[in-house]
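Both of the next two complexes hold chain A, though its partner changes from chain B to chain C.
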Partner chain A sequence: MTREIQPSRSTELPPWSHLTPNKVNRWSFSKVFSNIVISALSIFFAVPMLWLALASVDKNATFQTKLPVLTAEHYIVSLESGNLAALRNSLVISLVASTIGTVAAFFAAYSFSRHHIVWKGPILLGILFLSGVPITILIVPMYEMFSSAGLLTMFPTAVLLGVTALPFQIYLIKNFIDAIPRDLEEAAYIERAKTWHVLWSVILPLTMPGLASAALFGFVNAWGSFLIPLVLISSDNQQAAPVRLFGFVNATSIDYGAIAAYSIIYSLPVVVLYLALSRQFKAGFVLGGAVR
Partner chain B sequence: MIRFENVWKVYGNYAAIYDLQLEVRDGEFMVFVGPSGCGKTTTLKMLAGLELPSFGRIWSDDKDITLLPSGQRDVAMVFQSYALYPHMTVERNLAFGPTVRGEPKAEIAERVKHVASLVGLESLLRRRPDELSGGQRQRVALGRAMIRQPRIFLLDEPLSNLDAGLRTRMRTEIAELQRRVGVTTVYVTHDQVEAMTMGHRIAVFNQGRILQVDTPANLYRAPANKFVGTFIGSPKMNILPAALSATGGSVDVKCLGTEFSVSGQYLAGKDLPSSVELGIRPDDIHWTKDAPSRCTQKMQGIVGGVETTGSETFVLVNVRGTEVNSKFPSFAPIRIGQTVDLVFDPVDLHFFDAVTGNTLRKDPPGQSERSEFRPAQPIN
Partner chain C sequence: MSVTQNAPANTLGLPEKLRLEARLDKARFNPASLVLLAPATVLLLGLFLVPVVYAIYLGFTNLQLIGLHAVNYRFTGWANVNTLVHDATFYQSIWLTVLFVVGSGAVGATLLGLVMAIAMQDCLRLIRQIAGALAIVAWTLPPTTIAIVWKASSTESGIIPTLLGNPNYDLLYDQAMLIVCLANSWSLAGLAMIMFSAALRNVPEEILAAARLEGASRAQTLFKVTLPMLRSTIVTSALLMTLLTFGNFTLVYLMTAGGPGNQTNILPVYSYLQGFKFFNLGYSALLGNVIVLISAVLGGLFVLLGKQRR
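For the complex of A and B:
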């Protein structure tokens, strides 16, 4: 098809050959300036990553960025059974926290979005405020509570970590549910659908991108948490990876190579999770075709 | 029969629906028409069970359904937005209702096939709504409502998102479908042409009240008040200021420099107000060179604008400061600024009270045979 339209390339000139093409000036001050600024910023953020990658394979790793003397020993240290167990603990804690937070936030967000709730505005404002308060300020009373109830183990900590992400997750999911037209629910109710059916077959599929973001947020929030596992988990073999990472720093020396290698391994699950959920993000909001 | 009995919908101090009384007969195609914000969609939603009336009752035959949840009313609805589930294929959209009601799978598949062929969607069953055109989406919404035989079929401006050509076609198709299936239907629209072409009866809404419920022909010929008169019919009815004085059996009318008398039997009531508003449709005002002989009353004015549609020409004539729209033959040799003579027959006039806007006429102008509604016979 397209070949027929094009003029034969050797003999004839195309019929527009005598016209001057419209061109936008590619060089302008604002373009050059903004590109320079962006480049500077990206270098600023890339250097630590570069250090991480180089130090993890450098026999004589220090805090400086330099060409490495190659070795795999830091990775071997990182994958020792204790370190590996800590990663597994973190994975369990984060999955539990993320699941609990996301599920609870979904129901809360639906209620906030659709139902008439007395003092809804102030309550939502309170939640928004809470999402900005660091949980660490409550760490002492939380410790007292957990310790007196005998809960200084992995799972109660995971639940608490899930709760800390809840306010933000509620807000995030609520925004997605707000955007779903009520007509869709009303159409379902007219067909005699029950509330759970509407939630499951109409609201849930359309909130997927929001749920994915909320789940990822909950996971990362728990995954990166250092202080809460440190304080609330008493047993060493239930301890989370960030606390283990801190163990590479001791009074006399800092094992930079092992820190770098363990950090890279530690960051992988988040990357994998992000990639796994990226389809959901990419799908964007699939409301196209619902309403015109 | 569906009956609204003293139904109000009040938001704070504002009455969105004002003491509504209405009956929808079985098998009837009832159209709610009115400008936006007049309460027609609110009324429909109260019938669907999606809005709760503040006061009053809604009856379905002898059953009070005012407080019944929408799922138990046996209504099917087509939303203005279509409300298709964007994450489901056309097939699953159609099957949604029966599936949530737990009907047998084989039966559902059968019915989906049947409905798809009815609305012409067989080849699109695997598509999702965002892969469909506006008209196709509209068909899916229609099909989804038709997958069962509901007690009432509700349509909320289903054609307002379609382009003009498609709208005209769907108009006939929906009306034809309703007559074939015979389900009681309430159809909301702001387009008076849709109302006139589709409905057995039309309820004209304005500002939360029903102004008139009647057949299209009667609404057109005998509008109960000025609003109905100007809302129904395109282009709009002309409203001209006039003075009345009763002398014996006849009434003298002075209007824009012309004087004539009409027989008193046309007008209801003994105490006629002295100043009234005359309504006359553009179709009833003729150019002297193209007028039926019965037109005796003459007006003269200056042409202010000409609109040609091809089949006819509407000319805006300035008669003593009042714009009068009148129908001329197509491509009449008329220029802006020209002085033209217009004639009309006083029989075609509508008389409205200048204060209340209510009609003062007794009989519909023109012929007065009434077209009665006959419910459609369902064919099985």
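For the complex of A and C:
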């Protein structure tokens, strides 16, 4: 049967040969529309940033957005000792906050993931809830507590900033540890490994992406925080960069160029960190950045 | 009876006490958990829960930032609550908070992110990448920088009034709430876009192909197939944006400080101003308690929805 039909097919054109195949429609209405919408939104996102870029290199910078008379003086001003010290303070605060939060969260997350804990469900819900509470509410009681204890300085503030990130970090790292198969640990335990040994040589290497996301979250959270350093750090030379930056805006003679340049220097580490690390971690990363 | 049941345990030579409890198939208390949980517990109790409870108490005192009641403050019962109920600024503040949180967070940022994610599917590669990068950079910028760039672009002689044709128009003064809302949506849309792009990739191609095969137009596919499949992401995004906006004190405080004339005086800003500008720390703490109550409701919703999805 098949042998009789096949030769005829190869020589004759099929009956539907007069129909042209459907062309892939390259420029439908919806495509044009989508491109216009996205272009318009790009402009919307770019416009406020445009001023920042131009004013930072403009000799006569104002709030106007115009072609700059090029100069680097604003960047030089931004890096003078006081401003640089504020950036260094921010770096120290953020590193301390991130480290404290990530380490405490790692231990707690392992315990929550693997151990039998009474009321585990409600406690975890409580922790998830804490991660959504606005930190504004901590300001008055923390100010009262820190000022009466004479602790209105950098390090207590850094610890507090670490704690504000802690609930979300616990949740994030726990999700990573949950995904690790238990066989590896059980093998280690059969070899009579101690808990800390399992944590260090089995769990830690496998949770690295989660820990990195959590650490990044802690760092960015502390780096961006304005209100807590503003209220809880009393001395000027311990003050963090965002408060210093705000001081520029409220100064009697506003130096627009310096504001723009310092904003860029202050923002760059965070943006670069995000963009550099987001490629590496992908899925878990989206979650990691979900709450700034 | 029980002795015969535990006979094997006996042969293992376990201590008397363990013999009855040693069931290896049941989850047991592990002493290591105490050590592992200690740091997080101490930190969260000492610097999160105790302050919140302390704030509840402070809300019912006449504590002041400076002056006589800075040290010698006392419990004043319902006095602060009485002030609160008769405080017109407080009611205005609640309304502005709802407007800000729902308008620019739950609706504004979510919608912006959704529109971007959907339109980007059909876009030229170059335009798509530029838009995506800009939205993500806007999202990663620290709040202080966001406040500064938006203040610079919307105030007199800024780029937005200039683009609108009247450089002398102080948009930030005249339409303060609108601008603050726009700035907030601007800064959050990148995150919503990432969430929706991920969700769109998970919409099975077969379903879309089936819809096309049945002759559905693009609009029909969008509204009858794609959007219903994104429903849970839309809800999650709306709630997440609500929470993020609710805590967004920095943006509003730095752009307008609650003004002009209380027009942008959202609850976190009002609480801060009462405490550190008008020195009424006690009343400020009470306003903070209202924030806790509202976020408890929001957090409860979030948890509830998270449970339903699993």
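Operating definition for what follows: the second predicted complex is superposed on the first by the 225 of 292 C-alpha atoms of A that agree within 3 Å, B and C clash if a C-alpha of one lies under 4 Å from a C-alpha of the other, contacts with A are read in each partner's own complex, and residues count from 1 in each chain.
To be clear about the criterion, a residue touches a chain if its C-beta (ideal position, glycine included) is under 8 Å from a C-beta of that chain, and two chains touch if they have at least 3 such contacts.
Just so you know, these numbers come straight off a predicted model, no measurement behind them.
Asks: Could you look at A:105 and tell me whether it touches chain B, chain C, both or neither (first, second, both, neither)?
Replies: So A:105 only meets chain C here.
Asks: Does chain C touch more residues of chain A than chain B does, or is it the other way round?
Replies: Partner touching more chain A residues in the overlay: C.
Asks: Kindly classify A:242 by the partners it touches after superposition: chain B alone (first), chain C alone (second), both, or neither?
Replies: A:242: touches chain C, not chain B.
Asks: Return first, second, both or neither, reflecting whether A:206 touches chain B, chain C, both chains, or no partner chain.
Replies: A:206: touches chain B, not chain C.
Asks: After lining up the shared chain so the two structures overlap, which partner does A:153 touch, if you call chain B first and chain C second: first, second, both or neither?
Replies: Touch status of A:153: no partner.
Asks: Please indicate which partner A:187 is in contact with in the superposed arrangement: first for chain B, second for chain C, both, or neither.
Replies: Only chain B is touched by A:187; chain C is not.
Asks: Counting only touches as set out at the top, which of chain B and chain C does A:71 meet: first, second, both, neither?
Replies: The answer is neither, since A:71 touches no partner chain.
Asks: Overlap the chain B and chain C contact sets on chain A and report the shared residues.
Replies: In chain A, positions 286, 289-292 sit in both the chain B and chain C interfaces.
Asks: For a test of understanding, state which residues of chain B touch chain A in their complex under the given definition.
Replies: Residues of chain B touching chain A: 48-50, 69-72, 75-77, 79-87, 96-97, 100-101, 128-132, 134, 137, 144, 161.
Asks: Which residues of chain A touch chain B once you look at their complex with the stated criterion?
Replies: 181, 183-184, 186-194, 197, 201-202, 205-206, 286-292
Asks: Spell out the residues on chain A that touch chain C in their complex, using ranges where they run on.
Replies: Residues 28, 30-31, 33-35, 37-39, 41-42, 44-52, 55, 62-65, 100, 103-105, 107-108, 110-112, 115-117, 125, 127-130, 132-145, 159-160, 162-164, 166-167, 170, 195, 220, 223-224, 226-227, 231, 242, 245-246, 249, 256, 259-260, 263, 266-267, 270-271, 274-275, 286, 289-292.
Asks: Note which residues of chain C are touching chain A in the complex, please.
Replies: Residues 27-30, 32-33, 35-37, 39-41, 43-44, 47-48, 51-52, 54-55, 58, 63, 112, 115-116, 118-124, 127-128, 130-131, 134-138, 140-145, 148-153, 155-160, 162-163, 167, 183, 186, 189, 191, 194-195, 198, 218, 240, 243-244, 246-247, 249-250, 253-254, 268, 271-272, 275-276, 281, 284-285, 288-289, 291-292, 295-296, 298-300, 302-303, 306.
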